[in-house]
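There are two complexes below, and they share chain A, which is joined by chain B in the first and by chain C in the second.
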Partner chain A sequence: MSDDPVQTNDEPSLFTQVVRNDAFKVAVLLAGIWLLFYALSAFLEYPTYGVVATIRRVTFLSAVYAIAVLALNIQWGYTGLFNIGVAGFMAVGAYTTVILSADPGGVPPGFGLPLPIGVLGGILAAVVIGLVAALPALRLDADYLAIVTVAFSEIIRLTLNSPVLIDITGGASGFDNLPTSPVQSILLTDPGSIISEPTALGSFVFGLGEPLDLTRIVMINIVYTLGVLVVLLLVYLVLERAGKSPFGRVLKAIREDEVAAQSLGKNTQSFKVRAFALGCGLMGLAGILWYAMGPRASVVPANFRPELTFYIFIALILGGAGSNTGSIIGGAVFASLLYEAPPLLSDVAVKLLADYNVALPSAPDNVVVTLSTGDPLAVVAFLLANIDTLRFMFMGALLVLLVQYKPDGILGDRTETAAAVPLSDDSRPTNANAGGETDE
Partner chain B sequence: MSNADDSNIPEPDEELDAEPESRDSPTEEAAKTTPKSLPLRVNNLRKEFGGITAVDGATFAVEERSLTGLIGPNGAGKSTTFNCITGVHEPTSGTVHFRDEEITGESPHKIAQRGLVRTFQLARELEEMTVLENMMLAPGGQSGESATRSVLPGLRSTVVEEEEAVRERAWETLEFFEIDHLAQELAGNLSGGQRKLLELARALMTDPDVMLLDEPFAGVNPTLEEKLLDRIHELRETEGLTFLLVEHDMDLIMENCEHVIVMHQGRVLDEGPPEQITENEEVIEAYLGGTV
Partner chain C sequence: MGIENKGQSTVERGVAFARSGPGGALVAAFAAFLVVDLILKLLGLGASFSLATVPVVRELPVLGGLSGGIGGAIPVGQFSSYVWNGLVIGLVIGLASIGLSLTYSILNFANFAHGDYLTTGAFSGWAVAYVIAGFGSLDLVNLVLLRTPPGDVGANLWLSPLAVVLGLVVSILATLVFALAIDRVVYRPIRDADGISLLIASVGVAFALRYLISLVFGNSRRIVTSTESLPSVNVVAAIPDLVPDAIINVIPSVLVPSNAGSLIVNAHEVTLIVVAVLLMLGLHYLLQRTKLGKAMRAMADNRDLARVTGIPTERVINTTWIIGAGLTGAAGFLLVLSQGGLGFTTGWRLLLLIFAAVIMGGIGSIYGAIAGGLVIGLASRVSLVWLQGDWSAFARPTAFLLMILILLFRPSGIFSGVKTT
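Right after this comes the complex of A and B.
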């Protein structure tokens, strides 16, 4: 019948296009986070290097969280594979890398392989362990995969923690003999010594920090964080392409209805294995960048407790499962606003009270004592002193609210097109305006 | 999709094995070679769930380019038969042959890749995906289903070219079923009838050879039903497709199918042209309730 019965597609204005752009959203978010932490740390009268280090730390945490969340998104967000062993796969990545690349002469000894090989080995090990865990469970229902992965992740952590393996893993005190930071290898002539002569690039980079009195360590950490941001961008691009393709389409179909996908000739088992392996490899990478080197380098079993997995889940739900951009936003919001901001805010509150000459009593030991004092200031002091614990309660409450009122997350209500080409109405072949009318 | 195009519109010539007394020995009947080729043959199929025998030695065959109806009262084992043919269930015993190859117990995706594609009684659309995405999922052999090909810069251009072709076909098929105006809609937002259309259209995107339709007209209004039937007949003629459909509407079966298989209590009670079926006392008793 008629050609165009319903919609008149207005071209969105340039402004809307820019605002809708994902890069713009992430940039605005990052700028907002930086501004917030600048304001907080400036208010607390941190010295310049302290302000810079705070912003750097938040950026680093946002980036590593984002990588881990992206990895979980390909498994859970896209394919519906409920992996609650994220921390375990991160541990496998971090431990394998340090064991492969650590100095053979140190304690515990490593293999002394070049760091890139160590990183590659760490990623591969995470993939292999992931497949060992998942291959039997992927054949079964989602619940079994969840049980197997969470059990595996705990088995991994407890094994690494075990005194039996102390000569290999360092046991509960962790693997101390960390390989040299890659940034130090680039910027210093003697990577092992922070005070050694800088390389040409090193003197340039350190020179950049001089006007602000930034130390070499601060500069090294900044360079490392920038490196992590580059890796994050690469991971994002890889997953965007993987998602916007026939591959991603099958993953989404598996999440929606595996039987339907099978009845259309898709070998869903193979797709699930591939998606799971990809995710585990990236979790390994996140673990490596986060803990095996860089400013937070510490390969200790306690880093890989199950709550790490849950943080990453909260971040993914926050951003919107199924969306890669949402994963980055979720990771950044979680790491900065939920994780890093509360302690600073607590300091700000203390300072504000002090500025108004309100003297806080010393914080009571527990809730009962606090309430029995009947002093509102004691309650405030108690809350501020326990902000680290309180933020977990806050996270739990937030998770409940999110699932109840915004289950799709910040970016979740939009649909990510699973195709390598645009699917808008403009994509309709031009010769075909034939059948317009229909049933209702 | 490699069948001969010379045999034109099917004629009602399948009476040759449809003598009334043949109903007692369907096994031999299917086994004996007939002039028309039989892309799908089911022999002595049994499926037990615990103590219940859902399918109890069903034997039948579907002729090339036919529109064969599978009828029977509720619980007769029609859907279970479908599930056994398409690999969703593994039959307890018996065989399924597709194009003279045994496919008994093969996994569903392999059977679908062979060109034996089904739809479901309750349409299984992928709710959180758009209609167009649903359509583009279906075609087999998409090189972009390899993650590496989709990601690596040098290889992705081929994927994009393929995608353009798939997208064009998806649009054409949507137009054929007159649901192209819904292309951007999430499949979960479609009405029941539209879902049925989408499911059929999507199954068609796999380039099937034989299609098994499980109650494709349930919940579809009469106008739409008419359209759907037109499409099915058109596909038989132009694409040489074969259809086996489960249906409860006897008038529809009588008017459109040249061959009808009646199941009752897991067995094939009778099969043959519609006129013959309606004269069978057993069938009337079991299913038609003596009304026809």
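Right after this comes the complex of A and C.
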């Protein structure tokens, strides 16, 4: 993958070719991820539905991460607005949607509006809350903005979590009364009951799953995941178009040098506010698709901790801030390889060792005992048993290494058709010289 | 120290701030309302304003207050407990925020791993304290991993003073060793990177360090200190002897009736205050008596210029980490000493409050950071006067909101007029 940026750098002007290349890269990556998880889960002898469900889960997570990362990319990658309150805006989107669309008779009660209106309302609420945060805060320096946004997201989460609002938000245990899944409304005659008569489309879809013995729930989740992929594609196309429009070029100009953009007569404040609002709306959308409905539906304050923001940030940095394709790749790589793969790999390692007749001792329950046994196998057993924790340590180390060695990420190609003149740091001096020469 | 003589200038600034614009006037008016409301509450004068609705006002303090009622009644003992707890937590935050403020100004980045340095200090210090307190009679592994019940170890100042003192020393040393090692591996190679890159790297450090602690000590939250036979005093009962220094500044003495509620102060809290103040005074003398303070200011202003004038910048950076991380480790140890609870996210949860203190005090100002820590600590506890019952969950959001307001209206901090060191 390391030679990818070189390719794109060589031919930044050939618009269509870049798009084709990018689509190809994403397709190859997705295929690779599917193959990997197929291999892992097949090796672990998962039943068919387990293999399908694993691949489906990884695809779903990759897609929702990608949407959230794309949203952040508009703010940070394009405009240089360092927003680390992503989780808060996702929470606003998810909570607003479920409150608008939930059954009025349930607990906590909703407004019973149709789901599309709820989704729209959720996105709008995220935009409005984003504007509330942005209008005063965007005057601040990048690191101050960072602190304001993370504090803002914590205020949102703690407010949703508070017992005072328990009748509206469900408090710490979350909003239980979730609206009916849109997929079930399409596939079933009675959306509330999974065993009800399927609609015409439903019987077709469920029929597809029958040869593999896939249950209705698995098929419903697959359809939902495909829907999220379609939304991801739409978001990508919109942002790609916006990024190459005059609007997007001003955003990139602000990122590179706000004063220069101002002296060229651009009202940078207005552009920043609009970019921030757009990003927040998309974060709301990501929150809705991720938590308000679908296979992971659970609207609980604990979902929206600052950690979520940092996961999305790691994904963005991994893919390369400033590149939409990079955002998708970063989201997919983070969700699959960094987040979902380690537990599976741990199981695979255990099974491999067993296959080679290496008897792994039962894992000691703490590090001191592990080290005092002096048995390398005990250490391995301990590490495998604590793979969840190790995974986070690895993420931290990876983030540091990325900043040190590859600050632009896998696809951090920040010159991406920003303007006729490349704007990245390393190309600026040569252009300045060139400009100077022609002027003289 | 700077805190007392800031009282007046803060009021003056507040007045100037209120004149600065509609937003400022609104904030100032709200603050004035709260002060009046608090005084009325302490005097028990709320009844005269809203005779029939006193219970309602009590139940919905903010709404009740805003909808016309003002005042109410709050026992002085309860109020002074809030102030005392605010002071205790404020000193912890102040101690920790010195380090964050120093690294923020000298290394030019917001260190998001700072909270986890505090956790490092707490775990390392208490692990050693446990081993010393329980050595010989209890299982060593459980001691090191802080799994032994605190009552069995006798983990408090009264039962094992030596263990607590050595634990404090180790918490300082271990944290500064960690900080120096992390600086060497992570930050030194990218010393000249921009603030955001360093911030992102610090998020990586935070993740790695936090989950390393979780890997070693487990991810359950535990109670570490025991209060068994720990001396404690009900201060309100003995008001004339003990209270004045800490509280008289906040409440005029005429308002202190001796029959209202209780304020219980234990030896751990007193120790925390004494140690924190001593560490702060020590730092004050260190920076006043040596050229270090001047070198630090020079570096905060312009690192390149400092280097060409012959200031050994790397050495100053190391000293910055030593001071900052050492104090943060001590803060972590003392926090656990007074509050008892410890988990691998303890420091992370405190981080935003520490940031709030740093920003309030003005980045780079040590005395500002201390004062900011006290303000944040007091605000997060005294706000409970209005945020009662279910509303108490809003104490943290209130502190965050305070920080956001300060960032918006006075990004250089409320004490920015006061110079560092």
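What we mean here is this: the second predicted complex is superposed on the first by the 396 of 440 C-alpha atoms of A that agree within 3 Å, B and C clash if a C-alpha of one lies under 4 Å from a C-alpha of the other, contacts with A are read in each partner's own complex, and residues count from 1 in each chain.
Just so it is clear, contacts are C-beta pairs under 8 Å (C-beta built on N, C-alpha and C of every residue); 3 or more make two chains touch, one makes a residue touch a chain.
If you're wondering where the values come from, they're calculated on a predicted model, not measured in any experiment.
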Which of chain B and chain C A:E197 touches, first, second, both or neither: neither
First, second, both or neither for A:D167, with chain B first and chain C second: neither
First, second, both or neither for A:G248, with chain B first and chain C second: first
First, second, both or neither for A:I155, with chain B first and chain C second: second
First, second, both or neither for A:L398, with chain B first and chain C second: second
Contacts of A:K266 with chain B and chain C, given as first, second, both or neither: first
Partner chain in contact with A:F310 - chain B first, chain C second, else both or neither: second
Chain C-facing residues of chain A, complex: 82, 136-137, 140-144, 146-148, 150-152, 154-155, 158-159, 161-164, 310, 313, 317, 366-369, 372, 386, 389-390, 392-393, 395-400, 402-404, 407
Chain C residues within the chain A interface of the complex: 109-110, 141, 144-145, 186, 189-190, 193, 195-201, 203-212, 214-216, 218-219, 352, 355-356, 359, 390-391, 393-394, 396-397, 400-401, 403-404, 407-408, 411
Sites on chain B touched by chain A in the complex: 86, 88, 107-110, 112-113, 117-118, 120, 124-130, 132-133, 136-138, 140, 142-147, 150-151, 156, 159-160, 162-164, 166-168, 171-172, 175-176, 178-181, 183-184, 186, 191, 193-194, 202-203, 206, 221, 223-224, 227
Touching residues on chain A, where the partner in the complex is chain B: 5-6, 238, 241-242, 245-250, 252-253, 255-257, 259-268, 271, 274, 278, 322, 415, 417-421, 423-425, 427-429, 432, 434-440
